[in-house]
Amino acid sequence: MPVLTRLVPSPLVVDVRSGALDHLGEVLANPGIASTGRIAVAVSNGSGATLRQRLAPQLPGAAWFTVEDGTLDAAVKLADQIKGGHYDAVVGLGGGKIIDVAKYAAARVGLPVVAVATNLAHDGLCSPVSTLDNDAGRGSYGVPSPIAMIVDLDVIRQAPARYVAAGIGDAVSNISCIADWELSQRETGEAVDGLAAAMSRTAGETILRHPGTIADNDFLVALAEALVLTGISMNVAGSSRPASGACHEINHALDILYPERKGQHGEQCGLGAAFATYLRGDLPVAGQMVAALRRHGLPVTADQIGFSEEEFGKAVQFAPQTRPGRYTILEHLDLSPSAIRDAYSSYVKDVCS
Amino acid sequence: MPVLTRLVPSPLVVDVRSGALDHLGEVLANPGIASTGRIAVAVSNGSGATLRQRLAPQLPGAAWFTVEDGTLDAAVKLADQIKGGHYDAVVGLGGGKIIDVAKYAAARVGLPVVAVATNLAHDGLCSPVSTLDNDAGRGSYGVPSPIAMIVDLDVIRQAPARYVAAGIGDAVSNISCIADWELSQRETGEAVDGLAAAMSRTAGETILRHPGTIADNDFLVALAEALVLTGISMNVAGSSRPASGACHEINHALDILYPERKGQHGEQCGLGAAFATYLRGDLPVAGQMVAALRRHGLPVTADQIGFSEEEFGKAVQFAPQTRPGRYTILEHLDLSPSAIRDAYSSYVKDVCS
Amino acid sequence: MPVLTRLVPSPLVVDVRSGALDHLGEVLANPGIASTGRIAVAVSNGSGATLRQRLAPQLPGAAWFTVEDGTLDAAVKLADQIKGGHYDAVVGLGGGKIIDVAKYAAARVGLPVVAVATNLAHDGLCSPVSTLDNDAGRGSYGVPSPIAMIVDLDVIRQAPARYVAAGIGDAVSNISCIADWELSQRETGEAVDGLAAAMSRTAGETILRHPGTIADNDFLVALAEALVLTGISMNVAGSSRPASGACHEINHALDILYPERKGQHGEQCGLGAAFATYLRGDLPVAGQMVAALRRHGLPVTADQIGFSEEEFGKAVQFAPQTRPGRYTILEHLDLSPSAIRDAYSSYVKDVCS
Amino acid sequence: MPVLTRLVPSPLVVDVRSGALDHLGEVLANPGIASTGRIAVAVSNGSGATLRQRLAPQLPGAAWFTVEDGTLDAAVKLADQIKGGHYDAVVGLGGGKIIDVAKYAAARVGLPVVAVATNLAHDGLCSPVSTLDNDAGRGSYGVPSPIAMIVDLDVIRQAPARYVAAGIGDAVSNISCIADWELSQRETGEAVDGLAAAMSRTAGETILRHPGTIADNDFLVALAEALVLTGISMNVAGSSRPASGACHEINHALDILYPERKGQHGEQCGLGAAFATYLRGDLPVAGQMVAALRRHGLPVTADQIGFSEEEFGKAVQFAPQTRPGRYTILEHLDLSPSAIRDAYSSYVKDVCS
């Protein structure tokens, strides 16, 4: 039998450093990205204008498009604008919303997408998933992963702290996602992809235990790299499984039940992960998660994110319906409303106090 | 021409869990590994016999080969024995030495290799490098990475502690390797592959800060997964660069200058990494490395590994000659013998006391 | 570190023979392709229906998708249809357009692609490049190479002669591409990969001098195999360099400047190769190319492909802009419009008459 | 199922050009070959001395070894001399014999081998087979393929013509080898590896029809590249099958039966291929082979190589015993001695006159 190997789809370029934006033109000129320089750049109508002013001289072949918001509509509109423009690649230059819009639009028109992140709010920066607001709340759309991910630490340090810290919650939640996957392996025989698990879990644990803060370059590098590995882990698995467990089901449920009070994805996932880990009976790790989230100013209880205990309980109960077919600690325990209430009270008492 | 994705050669199977050996037959029967069951299994002549007795019933199509030691001669002999046997794959079942011998032999005869590790002594378990003793000390040979890596935690816990702890030194040294690479990027313009850096560094940082010990399953999983990611980072880069810097040059120099007193690869690399990090002026991380190595019983000074200060100094001076063309903090500082002596004394005083 | 071998990504299966389609089910069931039989088959809405009727009984697990045309839109649509369908592989069953669409869609969804060619129009059948019509003419996209290439000679003999003969032009143009690469080596110091050059050039020379016609099985086998080797040469080089020089720049320029009158890729490349070879001063080989192209009914002058001398001259002038960074005889000579006109007149007089 | 690819072991460097020897030092310094410059160079005791004088200044880290002849004894002796010398690679600098000795010795000591060919006598220059004289005549030994193949056309042009022309016979014989393999597929169900067949056959056909002579650079490049592709085809197949059929069985039989009158490998294989092709009933290709061999001064009848008809007939009869298990036209026809005699007479009459 011939010698085979497995091929994991991965970004061609990962450029995480201070001053990365000063090299953006060079990086985009990479043969394999946009050697002719013809790119479509999506920016927000807020901070996007400043970035455009700064970067336009470096990118003479760029066409600039302003994205209104992180909605499916905005993504479809962007796709329509880009179509026919003869570009080599689409660049999403902004926070998670802009990048998700760019990913979706690029997928529609069939071009590779480059993520130039101005915050580190979630693991969608380098993943095969685009999360967009639609009429039903929020939807996740499978798209190709970015061909390049560029993070300028100087830019990240100017982002609102909340939009950087949120990524910590998303990264840390990986640990709970893999625990859910391994639970399903034991209980339902579902196959775990050990390579995807290794990437996602290692990324989560690095962030769980890193002593730095979002003011430190070292920590920001670790966070950006953790989000890259998480994105690749989804490519490895061919699904969001390695980065989406009970924590993400709770997050989706909160989005769907209370669309107007949406916390950030990473905030909700971090809380969900600590609670799910508690439900799995792993108090030491649940405690470490709570400590880490708190240290970075992230919510660890429902009220800190604007939900009553009852509202949170309803979301936990509804959560399994957001991902039919995914087996996590929630599907495993299949708790009654009162059992959920009790479990949450114990979580708050045992882990958060 | 825009490229839609980059493909990274990676292991088809990563199976890290308690009782993984009970599933070895199934895993090897995977299409892409050895679907006909005809495998050549390399084992040591010590603990290998016990493993053979246990596993033979699961592996009816296996031929068993006893490997004398971790030498180039043993690897060539194994290749000669395997050649012409019409096997689907070679399985290295044992510690780092057996696996390095199996990797080399498989490369010679053009078969995929499966690493079934009984200890976690170094990152060669899942990498494209085979390190073997030859007449001149130790040599490194570029080979294809294992197609599968299997780690049974129950087996690892029975390994001599020193052969598990050593892997910690090798994993932690990644941090120093990436710092050397980034130094070279700034000083010589060498291109850093950000994806390889993300994998290697994240692996190193997870182990640097993991609170567990080699008696804990959680820690063993983290260590095994860190070694897997390190191996893949070398595939990404197409060289050992992301996992071999000044620390590894010092390690090679110790091997070459003092062949009869060889410490373990991971022990020497860990010490080398702490010292190289100190030389780069990063005292906080050098201190964290020393603390982590000590906590796991690993050497942090030359005498703990059996070398005098003078011997260690000579090795540091000789180190750059072991990897011509690689730029690290050693090539950058180009220290005189007395400067090396002074730096080492300061390291011991500032970081190790 | 000495390396024991270089590993070139290559197709698992190359099946070129009369009646190959009768074995399609077996071949696809190969471990490493689609062992469960769940495949997505892309066919044209013309001859595709007949093929579907014939092959459906052999492929009980296949889902069939009709592809409208060779556009980027059609490829994106196919990717959307396939996504989430839990297929093992995508099969492109048709001519170059269908296969290019299938390659692109498979890359988008992360599945291996199998090329079942019903004509031999170009070297994209087994290459890491997908060429698709987009709003700006035609674009080239880097994608993974097919894991298998299947050519049934009985089917090829029923294809329109023009769609088989065109592949001859693409194959013969290899000779000019390698000459351009070697020119760049001498003039700019660009590294030539001698292995890629050997594969591409040998493929081109075999077709240049083969005495057969597209009515002969022997010739069709030689042509199919030449296209396979050309595809692999691009994997070896990691770019289209070994199969894309001045000839392909001229071809791209014709596509961009005159989108409505596009000749076939292979026809334009063949003419471009003869002219570029003439520009390099190699009259004997230019003459052999013209003779070979003519013998197979392929165009050797611009008017035979529907362009005036002036139009062709404009394309030659524009050609270097289609591949920034690629150095060929066109960039080397940097001819003025009048010099291009003169050169083309001499080419017609010296070589084509 | 994860996306897999097939990996074909191939040379890292193929450097075929005028003046290649002037760059030998650079090429060998390639990371992956011998970045430290420590190489063992095997040369003949004839022309080797001149080459050593010329190249020694470029190769300061080289140790030079004189090889007596192309015997197994000489190869074992070389291995013993090299062992313990701490080299990164072995360089075989000379004709086919020296390279075969170097390949065998390098395999014994476990080092990669570089082939620097001073003639083009056979396809062993870049193949996984070493052919050496032993007490029983000649033996073929499976070894790793060279990691690099270097051919300086200026050197080749100074080689005795017979040692260049012989390679033509070996290359052309590929066509017969693949025809034998396909015959076996039809008759015995043996699997043909289509990729190996494509490489070997394309190489053979290029040489069959190339109009040049061994005085032309173009032709020498084509011949060197054809031999490289032939070598890789054996790596692809994992055996000598794509380059060894009835023609090679006849060649082996001549070597064994008449050891003292051995023609060159390539001469005997070329004659064997023409005769085997005739036996398969393919008169047109047999005729093309005879014409090509003649044009290059190669023998096309037994007497031109020093054998009587009767001697040749005995060899044809004995041939199948030289490769038990290989099915070719000889095993298929299973001719009686008189039938062989008749067939050979007809061959001489029909094809050679």
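Each chain carries a letter (A, B, C and D) given by its place in the written order, and its residues are counted from 1.
The rule is short, and it goes like this: a contact is a pair of C-beta atoms (placed from the backbone, for glycine too) under 8 Å apart; a residue touches a chain by one contact, two chains touch by 3 or more.
Predicted model, so just to flag it, every value in this text is computed and none were measured.
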For chain A and chain C, chains touching each
B, D
Based on CA centres, what chain would you say lies at the far end from chain B?
C
Give me the rotation angle that lays the C-alpha atoms of chain B onto its copy chain D, rounded to the nearest 5 degrees.
160
Averaging C-alpha coordinates per chain, one finds the centres of chain B and chain D separated by a number of Å equal to 39
Could you give the separation in Å between the centres of chain B and chain C, each centre being the mean of its C-alpha atoms?
43
Intercentroid distance (Cα basis), chain D paired with chain A, Å:
56
Between chain B and chain A, distance of the C-alpha-averaged centres to the nearest whole Å:
32
Residues of chain C that touch two or more other chains: which are they?
1-5, 7, 9, 12, 31-32, 35, 104, 108, 110, 139, 141-142, 144, 239
Report the residues of chain C in contact with chain B in the complex, numbered from low to high.
1-5, 7, 9, 31-32, 35, 104, 107-108, 110, 129, 139-144, 239-240
Quick one: which bits of chain A touch chain D in the complex? Just the residue numbers, please.
2-7, 9, 236, 238
Under the definition above, what is the set of chain A residues touching chain B in their complex?
1, 3-16, 31-35, 88-89, 111-112, 144-145, 147, 193-195, 197-199, 201-203, 205-206, 209-211, 221-222, 225-226, 228-229, 236
Contact residues on chain C for chain A in the complex?
7, 9, 12, 31-32, 72-73, 75-76, 83-84, 104, 108, 110, 132, 134-136, 139, 141-142, 144, 239, 321, 323-325
